[in-house]
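In the two complexes below, chain A is the common chain; its partner is chain B in one and chain C in the other.
After this line comes the complex of A and B, so read on.
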């Protein structure tokens, strides 16, 4: 890797480690920006070189902050694009050479035929030298970037399909996706939003303030009142930090409680999320993608005497299992949780679920 | 490091200065072998936390001052610099003895050209400095005399992250954010100065509302302007940044500089100043108060800690046996193996350690490559790299086991032991063989117990040893109180009562009494010249608005007091010898005839009160009177007048008997007055008395 790009990687790694850069959206943008530089500024001739290069960068970024799943998602998307481009190039060169029809596997597809084939055979496929591929790949990666930029637009355009007049909507935390979604709906419909205050970060209060500024009738309720008012709610709309392969959510703490209350009352739970938050990883235990924050917000550091006698954990996220979610609204439309596997197959290559270097 | 200034100063490179040396010995014997700032705190070198703190603050250039073990610090910094995006310069100076020296060095080298952040190499903090920096700069714009901003953190007085021995009292003006007075507070106030605070009353004129605060953790994070090092150079006796510099600047009328503060409340900041603080800060890190500076952020390159429930942090390569129990708040470094049935709680274990079966570790800090064999028990101690505990060893609380010590099988190490494997006289590269002490480390052990005296300079001799003790690891306050309770009670109660009395109701006369006595004692003890003593006494007289009469009343007994009537000639204590040396002091207090008469009365009374036995009193009085006569301090007329006066015939028995002693002299005087003859023979008469 060239010196210049290496420095850029170092800077981003340091920022991620120090948590100066947090939040799925910001992290995804930064990762993509860095990968474009990595692809365009480095020398590579074979597909494998490029894949390994991107993998190694991705590995470093993920290790810097393993809880920001969006980093891995973006890296996998880029790898997927690279593979596709190589396959296309290969297919076209082969058809040029032999001028005869050949079946080339266009995707590493979920087809049952490939299920038993050696996965190692992939590697060979991508070793051919390439020309003018660079610009094609960069163009494809730029497309991902455009997709990221238009995510909010795409999601909020579906708002009027889901929110009806005089509904009571409940939400928690402060998600930009949900905020724009509700604001869009409010331009056509009149509805009421209950926002749980979301202790200890109290992001819900900010959310309510933003909504009311936009002319939406918003009420802040304490987290403890969520269950009590749930029976009157028509719909729960949630934002999320990440969506896991099984359809489970990693979302701000309190979400699980709200989703469970909604399920108890059979209230539909809708999750608004960009596709870049969809991760092909499975949660092996509930804590695996969580962040435990400073207990200061729960128990003040000034309380010296008490501090020694209690252990306070302040998890930032909740894991919400997929059975609590009824619908995902992504930039590609609405999907039930059971359909997520398909989105994962379309967007990521199964070889990229881990970033160990290729043989 | 060329002192040439770069042009980039226009865009204001944010600079920071780290004082990597601690200038004390609280971590000995461990710090005999490595620098304090390189000690692992939750398996990461201490100074990394400081670097990280500065990096987050946006510092671009760092100067690290180090003194002891500078080569190790330098090597570490070099390695660290590669992985950070800061420019780090190491400045080594073997002569650094204090913060003051470092600042003077900084001034001499002219390395700093803008406001900078001054921290010590043992700060652990997650605070963001941008706001403080902004405030400081704005203040500097408005007022050039605002030279420094201290960052203080609020915490209750009994907080575990407060260093017990290093309290401080701040007098603050919340309105202008100005610090008005500073006073260090010791845990045990053995002298009266420790217990009192003197403050300039003018403060109240300028600031209608002030706060006296003892609930602030002072972690010595300061934003300093360029004047600060210069001021250290001007005042070459400043050593400590707080006790000397801040106190000095604030009490000085001449400088006209002001020091401000910034109070933070929702962030973490602490300094690892002592083993006790090492313990507290480690626990804070494990409990995530320092977030995001926690083990699972993997700030050190190559680390790979994972967080588990119950505040357990574990590297991926750790081998835990099936039956071992990892309780709460544990950090385990890479490649460490924990054998069957071992129980770990509240502890930090370094890289490549081997923990045997049935080992119990509670509250301990075990560094890298330590081997702890089966059935050992370790409580609340620090065990440094490469130490070995053979089977069945028990380490009681508060121990510091230094590098490469081996403790032999079935040994019990008593509480608060400090063991080292360094040979005595370690400073020079002498070939002195380590003499292991089997009583301490067991028959097969390697190491000896370390005693404070060998390395310590006696700078804080006057310091109460208890103040040192309370900073020790695992130190239990209740124990201290038990051990010293009796003397504590009697001494301190009595003393404080007495001192209160003295201070509050003291009359000027008593004060003068005490001062004169002190001056004379000093003069006698140190053998001053009479002239110097006189000068001092005169100064005293003027300072207390007193007169010569008052002085005589005190000086004459003061001199006579030193006469030992039973002394033999030649011992320097006989009447003659003392008077020859110090008699003229009395002479300086006597000027005219009235004085002389008064002097005679005082002499009579002094002898009578000083010596209860008549014979003794006479033995002092006679030569004294004679001496004063010979030296023309008391003249004939005065003596006669004294003798015949009413006053001299009254008074106690002793006084009257003393008057009788003078009879031969009076007779002689009266005689000579009439005959006007010489007095050659008189000497003998007088002496034979």
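After this line comes the complex of A and C, so read on.
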């Protein structure tokens, strides 16, 4: 890898380690920008070279901050795009020489059919590398960039389908996606929003402020009141930090409580998220992707004598299991949790689960 | 079509010689053998002979769901490739080669899935409860294998699943077949275990190779092809129940549970057991909403992902 790009990777790794760069959206944008530079400024000819290059960069970034799942998602998207382009180039070059068992190109590399077909579906050494290939790959990766930029557009355009007049919506925390969603709906409909204050970060209070600036009637409620008020709510609309492969969420602390209360009252739970937050990883346990913050926000340091007798913890995220979620509104439309496997199959490759170097 | 080659006896001898071989893989191997011995000269004769052979295989075995899956997969593959036939003999030869490599790949499926777990190898400490599986004693055999691998294993009664469920973190079962909606066909007792797991909020995982995906869509337990009129019928038995000695009795809660279990193991041979074996089902169907995840050689799938894989093959 060239020295220039190595320096850029180091800079991003440092930012991630020091938590100077947090939040799925910002992290995803930065990772994608870096990968575009890595692909365009380095020499590669075979598929495996490029894939290993991107994987090594991805591995370093993920080690810098393992809880920012968006990094891994973007790297896997890019790897998928690279494989697609190489496959297409291979297919078009092979179309001249017909073998008797020309298999129909399948959507993914692994399938039951491959059990019976001639070649293994592992990464092949594509010696075919034209100039077009390099620019094609970079163009496709830039398309991902455009997709990232238009996430809020695509999601908020679905707002009027889901929110109707005089409805009471409940939300928690401060999600930019949900904010845009609600603001778009408010231009056509009149509704109320209840926002849980989301202690100890109190992001909910900021959310309520932003919503009321946009002319939406917003009410702040304490987290403990969520269950009590839930019976009068029509919909729960949530943002999330990440979506896992089984449909579970990694969302701000307090989301699980709200989702459980909604399930109890049979209130639909809708999650607004860009597809870059969808990770192909499964949660091994509740705290696989959690991070703990400063306990001072929960029990202040001034409570000196109490601190020795009590353990104080301040987890930032909650794991919400997929039974609690009814619908995901993504930039590619609305989908139920059971459909996520399809989105994963379409956007990621099963060989990219870990970023160990390819053989 | 060759009348000399008996596909059923070939299949049975394959299973006898390698007990680790799974039924669908053995079936496909037998079908590949059939192709080698086939005298067919036209496509339609050839396809007919394979169809007939796979029907014979299916009807020869009492519990034939995984076998059907394997046969259907092979048939599908042959059909799919039958369009591009230029030279019949060469095509047949290639088919034989492919069939052989399939058998190898299919065998490798198991190890691919094992890669996902590999818990004992990675020195993770865990314990296993295995149900005894009283009619087939599969549980006792599994316990032997697990203990040999150094995993602490306890054999429990089939009826003790509810008792034990609060002590476990998850439930893991194998599969005879995976149906279109992601439901599971497995040894009798699996459905019960899934219900108990759901009631106790424990995840229920199934492990299956992808050649066990089968194009069935059962609507209830009795929709399976293994169901026949004899299953769960009320039969008149000539067995005198009172003359048997009181070996089984009631399981004592303290001292020797293991001895009580070994005594029940001796009961296989009585005619009453044989009769109840005949009239009781071997497999049951677990609906997909009880299954958390499926571990396959195609990766970890949610039950809804299974139909996608089937469509890709059969489209």
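In this section, the second predicted complex is superposed on the first by the 331 of 359 C-alpha atoms of A that agree within 3 Å, B and C clash if a C-alpha of one lies under 4 Å from a C-alpha of the other, contacts with A are read in each partner's own complex, and residues count from 1 in each chain.
To be clear about the criterion, a contact is a pair of C-beta atoms (placed from the backbone, for glycine too) under 8 Å apart; a residue touches a chain by one contact, two chains touch by 3 or more.
All of these numbers come straight from a predicted model, not from anything done at the bench.
After overlaying the two complexes on the shared chain, residue contacts for A:287 are found with chain B alone; chain C is out of touch. Touch criterion met: A:14 reaches chain B, while chain C stays clear of it.
In the superposition on chain A, contact of A:308 is made with chain B only, not with chain C. Of the two partner chains, chain C is the only one that A:245 touches; chain B does not reach it. In the superposition on chain A, A:350 makes contact with chain C only, not with chain B. Touch criterion met: A:339 reaches chain C, while chain B stays clear of it. Contact residues on chain C toward chain A in their complex (touch as defined above): 73-74, 77, 80-81, 84, 86, 91, 94, 98, 102, 105-106, 109, 210-211, 213, 292-293, 298-302, 304-305, 308-310, 312-313. Of all the residues in chain A, the ones that touch chain C in their complex are 100-102, 106-108, 110-113, 115-118, 245-247, 282, 338-342, 345, 350.
By the touch criterion stated above, chain B contacts chain A in their complex at residues 52, 55-56, 83-85, 126, 154-162, 265-268, 287-292, 297-299, 304, 307-309, 311, 328-329. On the chain A side of its complex with chain B, the touching residues are 7, 10-11, 14, 17-20, 63, 287, 292-296, 300-305, 307-308, 311-314.
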